[in-house]
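Next come two complexes, and both contain chain A; in the first it sits with chain B, in the second with chain C.
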Partner chain A sequence: MQKQITEANLRLLIDSLILKRQRVIGPRQSGSMVLYEPLSSASDLVLTEQPRRSVKEAFFPVCEDLLEYSKQGQQVELADIEPDRFPETVIFGVRPCDAAAVPVLDSVFSWDYKDHFYLKRREKTTIIGLACNTADDSCFCTAVGLSPDNPKGTDLMLTPLTGGGCLAESHSEKGEAFLITWKDRFSELDGTKPLPLAQPAATPFDLKKIKNWLDNHFEDPVWDSIAVRCVGCGACAFVCPACHCFDIIDEGSEKAGKRRKFWDACGFSKFTNHASGHNPRNLQPKRYRNRIMHKFKYYDDKFGQTLCTGCGRCIRICPVGIDIAGVLEEIEQQDDSVK
Partner chain B sequence: MTQTINTSGYSAITDSIRNEARRILGDGTVSAVIGYTSSRREGSTQPTVITKSEDADKLLFTAACLNNLVVYLTKAKKDVPHEGRIGIIVKGCDLKALVGLLGESQLKRENLYLIGIPCNGVLGSLFNPSAELNSETIAPKCRECTDRIPAGCDFMPDVETVGLPELNPFYSSEIARLEALTPVERWEYWKEQFSKCIKCYACRQVCPFCFCEQCLCDRNRPQMVEQTPRPSGNLAWHLVRAMHLAGRCAGCAECERVCPMDIPLNLLNRKMAKELKEMYNSEAGFEVREKGPLTSFDEHDDQSFIR
Partner chain C sequence: MNDNNQNIYLPYLATVADVIDETPDVRTLKLVFQDEHLRENFSFRAGQFAEYSAFGSGESTFCIASSPTWQGYIECCFRSVGRVTESLRRLEIGDTMGVRGPYGNSFPIEQFFGKNLLFVTGGIALPPLRTLIWNCLDWRDKFGDITIVYGARTEADLVYKRELKQWEDRSDVKLVKTVDPGGNGPDWDGKIGFVPTVLDELALSADNCIALVCGPPIMIKFTLPVLEKLGFSDENIYTTLENRMKCGLGKCGRCNVGNIYVCKDGPVFTAKQVKAMPLEY
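On to the complex of A and B.
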C-alpha cells in the first residue's frame, strides 16, 4: 500500500502516538551523540545524521536481565523476568542499513533456540524506515547489495519527496495496519517526485568472489597483514547493526543477584578462551579473520544472507582505522584459485 | 575565529621518514618499522608494520596520523613481530608514553630505533580525515602541548615546523570548570558520562600502559568487577582505569579519542596528572624515571594523612 504524508502530519502522528502513551523511538540528540532513544515529542527527532549506535539495541539491548535469584537458608528462589513486560513500540527514522540488519538478527535469534527476549520485542515493534538523501565516504550499502531506499526489514518505508513530506509504502502486514489505523494523517499520492537518493561512492563488491576466496583461505598470510593493526577492542562489533554475540553472567552476591545478557565481541582475546586456558584464537589476526569469515562466509552458509549492511559505522569508529570496505577490496583482489 | 594551522612541513617529514626507513631496513639496523600508511578513504591513515625497504614509500605523516603507535610495542600486542630491533615513529606525546614503558621495564631502549616527529598538531578524530587542521579540528591535547619536539630519538627529520598559534587550552579549563562544581554536581556529571559506556574496551586496548595480560576487569573466577555495561560495573571500570594510570599516563589521549561514546576519559587522566604534579612534583616527560611517584616512598612525601 502506498500513501503520502506531509511533514506536519508526520510530526502530528508521532505526537499523537506519544500522547496515547505509545513508546516511540527515533534518532535524537543524546549529549554529544545522536542515538535511537525514546522520544518525548516529534521535535526531538534528529534526521540529519546517522545515529552513533545502530537500531539493534531496540531488540537486543546492551545489557538486560534474564532472571533473578535469591537465597534464604537452603531455599533458593528463582524468578523469571517476563518477556511480556515489553511495551508496544514504534521506531521512526530507521536508516535502511539499520533496518536491513533486523531480518539478519531475526534469523539467528529464532534459529535452533528461540530467544524470547528478542522475539517478544520484535513482535511488539513497528519499524518505520527513512530513505537516505546523503551519504559520507564510509557509507557502502550499495556495495553489499542494498541501497539508500532498500525497504528490507521495514514495516513501512518513508521516502522524502521534493518540496517536503514523504512517500509511505508498507512492506508488511504491520505496516499496512499502521497506514489503516492512521489513515487520517496520510493522503493519496499526488505524483510528487522523491528527492534524489544518496549515492555512496563505493563500487559494488563481488560478494560471491569474496566468499569463494574465504571458502578456501582460512589459512592465508593476508590475515596477518590486514589484522596486524587490530588492537582487539569491541567497538566495531558494538556499533554494528548486525553483530549479535553476547555473553551471560550472574552478578550479585550469594544471597541474591541477577543473570544478565550483555554484548560480547569476537575481537576480545577472552572471547574464545577455554576453561582449560587454551585459546584457539590466540592471536588478533585469528580473531579479525573470524569477524570477516562470520560476516561474509559462515552467516551466508547458514542463512543465505550477508552479515554486513554497509552502514560504515565500524569504519568511522575503528581506533586504528581498519576499513572493512578496504579489507573487502583487498580480498576481492586476491587470487581465488584453490591452493 | 578559526585559525589555520601550518602543516606545510608534513610532506618533507614524510620524505625524510621514508628515506630513513629505507636505510635502516636496507642495512639491517631494524627488522621492522612501525609507522602510518594511507587507507581507503581520502586522507585517512592507519598504523602499519613494514619489514622490507621497498615498502618504505608506503609510510607517511599527515595531520590524520593520530595513533600512538607505542601500543604495538607492548606485550598486550605480542602478535606484532618483535624479533630484532624495531623502528617506530613517535610524536612527542607518544614518546612520553614510550619513556614511561622504559621506566617500567616493559621495553629495552637498545631494541628500539626511534624516529621522532617534529609535530605541529594532529586532528581530533578520523570522522573526517581529510579535514584541514585548524583551531577547530585540532586534537584537544595539542592545544596545550608543550612537547611537540621529541627529545632523545635516534632520528629526527631535519624539518622546521613553525609551532602552534596561541590556542585556548581545553583540559585545564575543563578541569577548572569541574573543580568549581560541588561534589554532588561533579558526581552527577561523571555518573552521566560513565552511563554512556558500552564496555567495548577501546580505551583499554589503545592504551600503552594497559599492558596487563590478565585485566582485573575481565576476571570471572572470582569476579572482581561487575562486567556488564551497567552503572556499577561502568563506574568500577573507569575508576580502576583512572587509578591505574595515575602517575603513569603520558597524556596521549588515545583513550578519549577512540571512545565511540564520547566519554571524556582524558579529563580524568589530566586531573590525576595535575594532582601528581602538585603532590609529588612528578610528571611524564622525555627522561626515563626509575621510580614512579606512587610506587616509591620519599621522606619528603606529604604525610599529612597520617594522624
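On to the complex of A and C.
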C-alpha cells in the first residue's frame, strides 16, 4: 500500500502517538550524540545524521535483566522477568542499513531455542524506515547488496519527496495496519517525485567471490597483515547493527541480585578463553578473522545472508582506522583458487 | 526447543545432595532437582552438557557426568579454576544452585550396540566419558568387550578413584590405568607411561570397535595416530569438544569452531568431523 504524508502531518502523527502514551523511538540528541531513544515530542527528532549506535538496542539492549535471585539460608528464590512489560513501540526514522539488520538478528534469536526477550520486543514494535538522501565516505550499503531506500526489515518505508513530505509504502501487515489506523494523516499519491537518493561511492562487492575465498583461506598470511593494527577494543561490534554476541553475568551479592545479558565482542581477548587457560583465538588476527568469517561466511552458511549492511559505523569509530570495506576489497583481490 | 513464552535463560533449581572431592581441586556435586515432577522426569543422553549456576557468581558449562540410566539426580564434576567454579565448590550439602539444560547432541549409543568399545581418556576429561561408560555398563549385554584406558599426571590427579576400583573388580570391563613417569606413589599398581604409549602397547584390535576419546589437546594429538595405526577409521572415533560457552543455546557466539557451533552441532563429534574443522578448539 502506498500513501503520502506531509512533514507537518508526520509530526502531528508522532505527537498523537506520544499523547496516546504509545512509546515512540527515533533518532534524537542524547548527550553528545544522536541515538535511537524514546521521543517526548516530534520536535526531538534529529534526522540530519546517522545515529551513533544502531537500532538493534531497541530489541537487544546493551544490558538486560534475565532473572532475579534472592537467598534465604540454603534456599534460593528466582523471579522471572515478565516479558509482557515490553510496551507497544513505534520506531521512526530507521535508516535502511539499520532496518536491514533486524531480519538478520531475527534468525539468530528465533532459530531452535526462542529468545522471547528479543522476540516479544520485535512483536510489539513497528519499524518505520527513512530513505537516505545523503551518504558519507564510510557508507557502503550499495556494496553489500542494499541501497539507500531498501525496505528490508521495515514495516513502513518513508521516502522523502521534493518539496517536503514523504512517500509511505507498507512492507508488512503491521505497516499496512499502521497506514489504515492513521489514514487521516496520510493522503493519496499526487505524483510528486522523490528527492534524489544518496549515492554511496562504494562499488558493489562480489560477495560470492569473497565467500569463496573465505571458504578456503582460514589459514592465510592476509589475516596477519589485515589485523596487525587491531587493538581489540570491540567498538566495531558495539556499533554494528548486526553483531549480536553476548555475555551472561550475575550482578549483586551472594544474597540477592540479577542475572543479566550484556553485549560482548569476538574481538576481546578473553572471549574464547578456556578454563584451562588454553585460548583457541589467542591472537588478535585470529579474533579479527572470526569477525570477518562470521559476517561473510559462517552466518551465510547457516542462514543464507550476510551479517553486514554497509552502515559504515565500524569504519567511522575504529581507533586504528581499520576499514572493513577496504578489508573486503583486499580479500576480493586475492587469488581465490583453492590452496 | 521452547515455546515463545518461556525464558530460556531461567535455570531449574537443584539441591546439592552430596559433595565428593575427587582430587584436591576437582569436585563432584550430586544434584537433586527441587521440582518433584522434574526430579522424576528430567531426561538427557550421554554426552549432553548443562549450564550450572552459582547465584551471584554466574554460570559454568560442564557435561552431565552421571549416567542417563540413573534416576532422581544428576552429577557434575569440575576443577575449581575461576569465579564460578570456586563458588560452586563452596556449596555445601543442602545448598541451592541452578541447572539449565540438557543441551547439545550426544553419543549415538544405539549405533554402538553389538560393538566393542575402547574408552581413552586423561585427567579431568574422564567425566564426559564416565556418563557413557556407566550407561554402557548398565546396558552391559548390548556391547562386546569394554576397555578403558585412563591416565593422569599423578595418582592424585585420577578422578573417580572409587569407580576405577569397581571397574577393576568387574570381569566384564578391562581398565588400564596409567600415570605419567614420576607420577606414581610406592603402592601404584597401574602402568607408568603416557596414555598414547600405553594404548599402543595394548595393541587392541580395531575390528568391530568404537573408540571414544576425551582428554587434553596434547593427549588427543598423540592418541589419534596410535588409533589410526591400530586400524581405527576416523568415523569410528568419537570425541567431545569443550569450547568456552555462555548461553549453550546457539546464540551468544563464542563456542564456534569455524562455522560449527559446539553447543548446537556438538559437543560430540567423530574424528572425521574434527579433522575437517579449522584449528579453533
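The rule is simple: the second predicted complex is superposed on the first by the 339 of 339 C-alpha atoms of A that agree within 3 Å, B and C clash if a C-alpha of one lies under 4 Å from a C-alpha of the other, contacts with A are read in each partner's own complex, and residues count from 1 in each chain.
Convention: contacts are C-beta pairs under 8 Å (C-beta built on N, C-alpha and C of every residue); 3 or more make two chains touch, one makes a residue touch a chain.
Nothing here was measured: the structure is a model prediction, and the numbers come from that model.
Colleague: In this superposition, which partner touches a larger number of chain A residues, chain B or chain C?
Modeller: C
Colleague: After the superposition on A, what does A:Lys208 contact: first (chain B), second (chain C), both or neither?
Modeller: The answer is neither, since A:Lys208 touches no partner chain.
Colleague: Where does A:Pro285 make contact in the superposed view: on chain B (first), on chain C (second), on both, or on neither?
Modeller: first
Colleague: Thinking of the overlay built on chain A, is A:His294 touched by chain B (first), by chain C (second), by both, or by neither?
Modeller: second
Colleague: One more residue to check, A:Ile249. First (chain B), second (chain C), both or neither?
Modeller: Both partners, chain B and chain C.
Colleague: Scan A:Val62 for contacts with chain B and chain C and give back first, second, both or neither.
Modeller: In the superposition, A:Val62 touches chain B alone.
Colleague: Looking at the overlay, what does A:Lys71 touch: chain B (first), chain C (second), both, or neither?
Modeller: second
Colleague: In the overlay, answer first, second, both or neither for which of chain B and chain C A:Phe218 touches.
Modeller: second
Colleague: Same chain A residues contacting chain B and chain C, which ones?
Modeller: Touching chain B in the first complex and chain C in the second, residues 247, 249 of chain A appear in both lists.
Colleague: Tell me, which parts of chain A touch chain C in their complex?
Modeller: 66-67, 69, 71, 74-76, 78, 80-81, 83, 108-109, 111-117, 119-120, 218-219, 244-250, 252-255, 257, 259, 261, 264, 266, 271-276, 278, 280-281, 286, 290, 293-294, 297-298, 301-302
Colleague: Taking the complex as given, what residues does chain A use to touch chain B?
Modeller: Residues 31-33, 52-53, 62-63, 137-138, 228-229, 231-235, 237-239, 247, 249, 251, 260, 262-263, 265, 268, 270, 283-285, 315-317, 319-323, 325-326, 329.
Colleague: Touching chain A in the complex: which residues of chain B?
Modeller: Within the complex, chain B touches chain A at residues 39-42, 44-49, 67, 71-72, 77, 79-80, 126-127, 192, 196, 198-202, 204-206, 218, 220, 223, 226-230, 233, 254, 257-258, 260-262.
Colleague: Can you check the complex and tell me which residues of chain C touch chain A?
Modeller: Residues 1-11, 13, 15, 53, 55-60, 79, 81-82, 85, 87, 92, 94-98, 216-217, 242-244, 246-247, 249-259, 264, 278-281.
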